[in-house]
Amino acid sequence: MNTPPINIVLGVIGFDCHSVGNKILEAFFTEQGFKVTNLGVMVSQEEFLQAAIETGAKAILVSSLYGHGEIDCVGLREKCREQGLDDILLYVGGNLVVGKTPFEQVEAKFKAMGYDRVFGPDCDLATVARLLREDLAARQRAD
Amino acid sequence: MNTPPINIVLGVIGFDCHSVGNKILEAFFTEQGFKVTNLGVMVSQEEFLQAAIETGAKAILVSSLYGHGEIDCVGLREKCREQGLDDILLYVGGNLVVGKTPFEQVEAKFKAMGYDRVFGPDCDLATVARLLREDLAARQRAD
Amino acid sequence: MKSYQIPFDRFLSIRAEVLKTWPTGEGLTLEDGLAYQRTLPPAKNFARAMATASREGRILLQPRAGVALIPDHIKLLQYLETEGEADLLPTTIDAYTRQNRYQEAANGIQKSLEARASLLNGFPAVNHGVAGCRQVVESVRSPIQVRHGTPDARLLAEITLAAGFTSFEGGGISYNIPYAKKVPLAKSIEDWKYVDRLVGWYEEQGIPINREPFGPLTGTLVPPFISHAVAIIEGVLALRQGVRSLTLGYGQGGNLIQDVAAMVTLKELAHEYFAREGFTDYELTTVFHQWMGGFPEDEAKAFAVICWGSTVAVFARADKIIAKSPHEAMGIPTKEANAQGLRASRQVINMLRDQKFAGGADFERETDLIRREVRCLLDKVYELGHGDLEAGTIAAFAAGVLDVPFAPAACNHGKILPMRDHEGYIRVFNRGQLPLSAEILDFHRSRLEERAKAEKREVCFQMVTDDIYAVSKGRLVGRPR
Amino acid sequence: MKSYQIPFDRFLSIRAEVLKTWPTGEGLTLEDGLAYQRTLPPAKNFARAMATASREGRILLQPRAGVALIPDHIKLLQYLETEGEADLLPTTIDAYTRQNRYQEAANGIQKSLEARASLLNGFPAVNHGVAGCRQVVESVRSPIQVRHGTPDARLLAEITLAAGFTSFEGGGISYNIPYAKKVPLAKSIEDWKYVDRLVGWYEEQGIPINREPFGPLTGTLVPPFISHAVAIIEGVLALRQGVRSLTLGYGQGGNLIQDVAAMVTLKELAHEYFAREGFTDYELTTVFHQWMGGFPEDEAKAFAVICWGSTVAVFARADKIIAKSPHEAMGIPTKEANAQGLRASRQVINMLRDQKFAGGADFERETDLIRREVRCLLDKVYELGHGDLEAGTIAAFAAGVLDVPFAPAACNHGKILPMRDHEGYIRVFNRGQLPLSAEILDFHRSRLEERAKAEKREVCFQMVTDDIYAVSKGRLVGRPR
């Protein structure tokens, strides 16, 4: 493919220090041909927004492992709209809530917050990359 | 106590070969001062009855470990009555049914078959001996 | 080399009688069984699976499982294959069938149909007959073994082997002493010669069938040398009838070093005695049974017992593990619980398989000890049989030279009492008539004294009882409270 | 002997500032905390419990646990004490408090009240204040430790120690590098000197308080020599401030021999360096953390990981085990799941405690290796600090002489890459700037080459990724599929 690489922003939200998965996601999406801006751990919603604007990112991939996802992730979609990032894709993944919870419940909760796709810690990264490409293509068609 | 020892009959019913618990029960109740007739494993209802009649036993302690208790234990109470063993105590214990089952269900099933007391594999033998003495005393008073 | 094999014509005349004992046996021909076995893909052959895994150093996992009705049994095995990641499948036979009480088994099938749940503790293969059993074989990918506890398993073997099962557990000693009350040993040994002869016939026709003497016996504090002696004898008896694929078993004792020493010596001694009997052309593998005694009721604790068993099996380089489930103390496991036991075991195997067992001085001491103990017993068995193992075995059980602790069989002496020493090794407290040397007995005694001293009590029967309960109450050695 | 202790007046002036950072700190006096600690029975003292158990050779079991609201937290700890048979209790602090974000913690408490469930991943002890924490202390029988991950834990220590907690986890390195992003190392070390000084003050007053540097760091393929170097440095820094009861930790690597070697050398090397720094009057114990990396999601498999951890801990003669739960991969455990992890661990401990670890040549090789590796690092640290450990440590992290794999902290070099060898030992693939001798590096490299050869691939980054996932995917070494 000679198309310019797609920019995505990656980071672990809130006060979450889990850095291992984040490093793996960076390596993986880079290898997959995306242009990854990795903000690392402990990233605020504002930092995500700013990086997305600066890099012209098409998607933000938010991680939350430590359980405070439910608190930390609220409002990101609204902030995106406020900043004119109307159709940026928001993916979120990890151990999103406190305690072992049926995935359907978690998914519903985060979809209601405006995330386009929600992933558990067991998600297959190859599938994620495929979905991301599909979703981006669909957005493009919609444009 | 100078009272003559109480006769009890012990055995593992049906085609059940589990002999370890049976050997322990024999040692335990003997030590507790009962006069134990231990029929060992693979005992038929008829053998239980005959031994109880021959020894003038006040109680029959039936074991079933292998899961066929539900099939093997039916009818013993009726046979006792037929033979005039009207108020002989019937205790049953072990892994009485096939599969892990809430104890209350198992107990209800075997009480309905006419067993006076029902015990799981985890029962405390000292408690069993105490209950046996109490039940025997109560029967005596009733006489 | 003297041939002990049952002559084929005699085999056929016994066979005619055996097949009459239940309607499903009628009209069964050896040729039909053979033809069916030939249709099965090699991947469904148990003997091949054992040989290949052993060669590649993989440890195979197998559960126990069996329910009354065919469709449920199929669902169960499929679940264990997919969700349980089992390598090998079992079909555990119900206890009525084990005692040839096919009428009671029929009753159990009927009651199970009514209750819409299995009221039998296993799969009544004889009642279901060849056609029913073949449905099972055809519904799964893996080889299936018949696991039971049947003193007279002749009809069961005829039916299941004709139906495409490719491994058959048991033996004339190991499926009598722990499983029966009044069956004479000579009778069960004779009946198992028939089973082995049948397996040997399939082997002759080019269909390998695996045979697995039941190692753990009563599963309760059996010192390794006793189960080894029995396993080796049953191995010889099987080889004599033409069995080629042999898996000898051992039930976990609990002490790592004793258990690894047991597994290593089992294979080594078996080869030695098989050679002495003139056998060279056989495939010997081993199976390690996770803890066969009383389990803790708590499922978390049961997982610990299961995982410890798997750990030892890996260090012992067993070829196969028979796994328990977290329901063990309470009842026949649901398929889910059964699969949990398998998955926990799988995780242990995979985490440990690349690691080495260290060995060391204690390990050397124990391997050496087991070798000497087994020789004490088997030398005496040969002596009692004037050189013949089979005759010697029957005499040895009568004399208490072979004696299985806590067994129900009348033909077992029942005098020996085992006990754990301070480190949890299973030793002999009361030797009964076991022909162990004075030196060995002194060693056992001194180890037990060491424990007694630490526990501030005399070596006594209470310690045996305490040891029987120990694992289920959360420890290995039954210390005083 | 040079005194590094913070002078008391300076301590007090810092203290005044610290207490102002959140309303619950206001008005807190040292005397009140001391008076309260004096009311507690010795059985509630963590330092005493560790010392006694260590002397008697018992292994203590401790879970992790913490929820947002006091009544729920009490119920949780009581359950772990009774149903979980825990010997020692934790109070795990939520992640907002760990970052001194008490306002966010307050929000979390509010949301938890509304949701009638904990939305925080721990107990916000600062927000609950001394009175709230004392309710917890008074509701249980066992000693409680504060477990967290807080770069600046000064207020948390003031409040929890005044409230009767008797052990405090963490350290200036181990609670920065794996837990923070932008906190300068000099700052966290300085703030932890304050915590240690506070503990030292209690010790001076006759109240023993246990301190436990966090051994496992990122919990992900950390070679033992790296965590040992950090543990020893944090031990020295703590002793310098008057800490007496010290528990050094290590997170399970996965290979039995490496892990036992690590536990043995940890204690031995710590004593050696503490003596070199002039310390003799302290009580040193060890804690073994069950597998700290990614867990399998399947609970049966998680039990296997938990049990394997306990097995290794027993062979390594750890004084304490921190247990995981079968929910580990998925979320903070329910109290039931947490107790299951404890009970499984208890069963393993009790089944194995009487057994011996064999040792052997590989074990000797590994203990010797770890000793040499740790010396390479610490020699260089002393050199960089011109003889001073604290200054040397800060310089060493800047230079990559100390480097923790996969850590988030900007002050960590982040260049080294660990990798498993063919037997699952954790070795160094990319050494970054670690000052290991050529001989040691050659050994590591040759071990990795051996694995690569067996896997028919080059030693490569993919192997690191494979190793990170391995345990959660059901094995130890990340073999290619």
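We call the chains A, B, C and D, going by the order they appear; numbering starts again at 1 in every chain.
Just so we're on the same page, a residue touches a chain if its C-beta (ideal position, glycine included) is under 8 Å from a C-beta of that chain, and two chains touch if they have at least 3 such contacts.
Heads up on the chains, UniProt names are A, B = Glutamate mutase sigma subunit; C, D = Glutamate mutase epsilon subunit.
Every value quoted in this text rests on a predicted model; they were computed, and no experiment measured them.
*Asks:* Which chain's mean C-alpha position is the greatest distance from chain D's?
*Replies:* Comparing chain centres, B lies farthest from chain D.
*Asks:* Can you give the whole-Å distance between the Cα centres of chain A and chain C?
*Replies:* For chain A versus chain C, the centre distance works out to 54 Å.
*Asks:* Give, as an integer number of Å, the spacing between the C-alpha centres of chain D and chain A.
*Replies:* Chain centroid spacing, chain A to chain D, equals 31 Å.
*Asks:* Could you give the separation in Å between the centres of chain C and chain D, each centre being the mean of its C-alpha atoms?
*Replies:* Once rounded, the distance between the two centres reads 45 Å.
*Asks:* So the centre of each chain is just the mean of its C-alpha atoms; given that, what is the distance between chain A and chain B in Å?
*Replies:* 65
*Asks:* Mapping chain-to-chain touches, which pattern fits: line, ring, star, complete or other?
*Replies:* Shape = line; chains linked end to end, path left open.
*Asks:* Which pairs of chains touch one another in this structure?
*Replies:* Applying the touch rule to all chain pairs gives A-D, B-C, C-D.
*Asks:* Tell me, which parts of chain D touch chain C in their complex?
*Replies:* By the definition above, chain D touches chain C via 254-257, 296, 298-301, 303-305, 307-308, 310-311, 339-348, 350-352, 354-360, 362-363, 422-424, 471, 474-477.
*Asks:* Per the contact definition, I'd like the list of chain D residues that touch chain A in the complex.
*Replies:* Those residues of chain D that touch chain A are 94-96, 98-99, 101, 104, 107-108, 111, 117-121, 149, 178-182, 218, 220, 293-294, 297, 327, 329-334, 337, 406-408, 461, 465, 468.
*Asks:* Which part of chain B faces chain C closely enough to touch in the complex?
*Replies:* 14-20, 23-24, 27, 40-42, 66-68, 70-71, 95, 97-101, 121-122
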